[in-house]
């Protein structure tokens, strides 16, 4: 195993890790503010990916240009979904919410299956099939751009959460929602906006990464599980934790595939999840 | 909750159920396929409900048990010529051990409900990936069952016979779950579900009962796995070890009403035939539409009746009973 | 300023308050004393809009606000400093205070009020960037009082501010309350510590089992043996 191959795999792992981290951050937002464990998280992103495909096929709009549209569209979707569907169901408990999202998985996957069929599809973009070569690395442009955009988005999210009034309100709700209400904060409204933000991010992420993947209707669950793993390992609510965990999962998956083959590589994140849930339930960098 | 149930309220659901269940035997064979699938799901939902509804452990790992049953009996039949009638108990035993282990893990490491759900999903995925890559287990191609063609080897010529077999399974499971529900065991399990700490404080042996519930649920599911393998005449990881079937089971039970005796019957009984009919009539032109409608129905039910159809039915019945406006004998 | 009549409130089906009448005039410092479980916290939370009462009226400056929620209460000018402090643990002193002034009514004056709060509690100014969870009980108490002040309240409601504090810190806290009241802030103070709260207030109420059993000038209540009896309950 040459050093070059190792380096290549590691870089690729880090890039995928950045994307995983971003998906995990949006999932964390929804979980800690909205109180919902969203099994349909990955499916929303895949919905956006197919949406980018549809836009390309109908109006020849490149996926990267469609990204902002996706963000706003999905923000609206998330906002309405929270108000009409999630909030009423969560009144019956956390598990009811989780069950709801399982139902949504079904709805989304089969909707996509019905509309687009089960064949593997891909979306041509301006960057598809082009590589950036910085010897000894050969980096596909789509993955590189996606990972860089993921880092930028994470940074923007960080600034919003830490330095704006809105972000402070969001964090206040996750730390003590009764006290937040006492400040006159409209908790339900902020939750709905945060939820919309989380889903909107998924829309944006989907459009950003669509050039890197082949689409199939059932791929959403895999993303959901990876995001769950990153979220749990990083420690719920820990921003830095999600980033680090994303890197860990991305690299271990990549190196695992390199040394032991694809299936074992896919198994590693699950094994790590089980170990973390058992032995360090607050994640590697979580608080308390 | 050992209220004196008047005999009619106990017998009536059984009568309705048996009437509906035995009806397909009288109708044309076109329906037998759907009927078998419905009963299989009813059976698997009853099994899941023992741990998911009654004991309150949201376990998404039942694909492991299904696969344990299906693969064990199939391998024993393939390589050692052991009849699946015996092989299925080996599979059930294996599943029970795995189930008890999972229950032990959750207790030992004090996993809260969401963590438990995640651990079980992760274990299920590991199982799926492992089976998909081990050649001895057929990898992703799966294994085809040897055609022995005799009832002694759990293979029947007529679908009707398969139907009867699964019906017997369902009746047995239903009886078992009713018995569990109404006896001490069921009471303890529901106590653990509602408030584990309080149950522990009053002396309920929590660990023992959690492991028991899980083992029973796992064993039953495994038996169903063997049946399904014998019916399809093959096993492969996507159907038997994949998460999709577990999600379906969970959702069907949720729609019917988790934690109730008849919930896991009502859910599949209503939705599986509808789904299959949709698939037959529209599936060609719109693949997956049956599952889409399925999913939409599920979301609607969860949204408007989170405690399932049985729960909604119970609430309607209570409302009707107290319609006079006077709380007859209800305590505050 | 605050007129409560016939208030019935509680949690779910259980009523804690069984018809409470209470009045706070503008500029007053009114005490509410009672034992644990008498209903002080329920009353404070209902006034602040966290709990919706099942019956009765809460009129603030003439407007009816019962059951309309915390945002309405803050908008009307009521700020609650809750029992148990309830800081935002992983946020700094500064962030906690900024959140106190996040309501549109208070936001324009945030910077100015912040300066006033830091003047009133110099220790908070020193710990401006410290996470609230790492502060002592007394400092947290100062923080939540400051946070309440950030909302530009016309009425400051406090629920057991002396709980868990050393006598020295209690004196400091009460000193601050006295100063605020002298500057014109109306205060309603719920306490288990009878002596202290009656000493600092002009009028008082005694609550027992969800009902007001005594009321009057604080100096009278302090001397009245009935207060002690109601307070200690039947033995």
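Order of writing sets the chain letters: A, B and C. Residues in each chain are counted from 1.
Following the convention adopted for this analysis, contacts are C-beta pairs under 8 Å (C-beta built on N, C-alpha and C of every residue); 3 or more make two chains touch, one makes a residue touch a chain.
Quick caveat: nothing in here was measured; it's all calculated off a predicted structure.
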Legend entry - Third chains touching both chain C and chain A: none
Inset, instruction - Compute per-chain Cα centres, compare each with the mean of all protein Cα atoms, and return the closest chain. - result: A
Inset, instruction - Name the chain whose C-alpha centroid is farthest from the C-alpha centroid of chain C. - result: B
Inset, instruction - Tell me, please, which two chains come out on top when C-beta pairs in contact are counted per chain pair. - result: A-B
Inset, instruction - Between chain A and chain C, tell me the centre distance in angstrom, where each centre is the average of that chain's C-alpha atoms. - result: 43
Legend entry - Computed distance of Cα centres, chain C from chain B, in Å: 54
Legend entry - Centre-to-centre distance between chain B and chain A (centres being mean Cα positions), rounded to whole Å: 32
Inset, instruction - Find every residue in chain B that makes contact with two or more other chains and list them. - result: none
Legend entry - Interface hub residues of chain C, defined as touching at least two other chains: none
Legend entry - Contact set on chain C toward chain A in their complex: 48-50, 69-71, 73-75, 79-80, 82, 86-91, 95, 98-100, 102-103, 105-106, 147, 151
Legend entry - Interfacial residue positions of chain A with respect to chain B in the complex: 37, 85, 88-89, 92-96, 98-100, 102-111, 113-114, 117-118, 217, 221, 225, 228-229, 232, 261, 263-264, 266-267, 270-271, 273-274, 277-279, 281
Inset, instruction - Would you pull the chain A residues touching chain C in the complex into a rising list? - result: 165, 168-169, 171-172, 175-176, 178-186, 287
Legend entry - Residue ranges of chain B in contact with chain A within the complex: 58, 105, 109, 111, 113-115, 117-119, 121-123, 125-126, 129-130, 132-133, 243, 247, 250-251, 254, 286-292, 294-296, 298-299, 302-303, 306-307
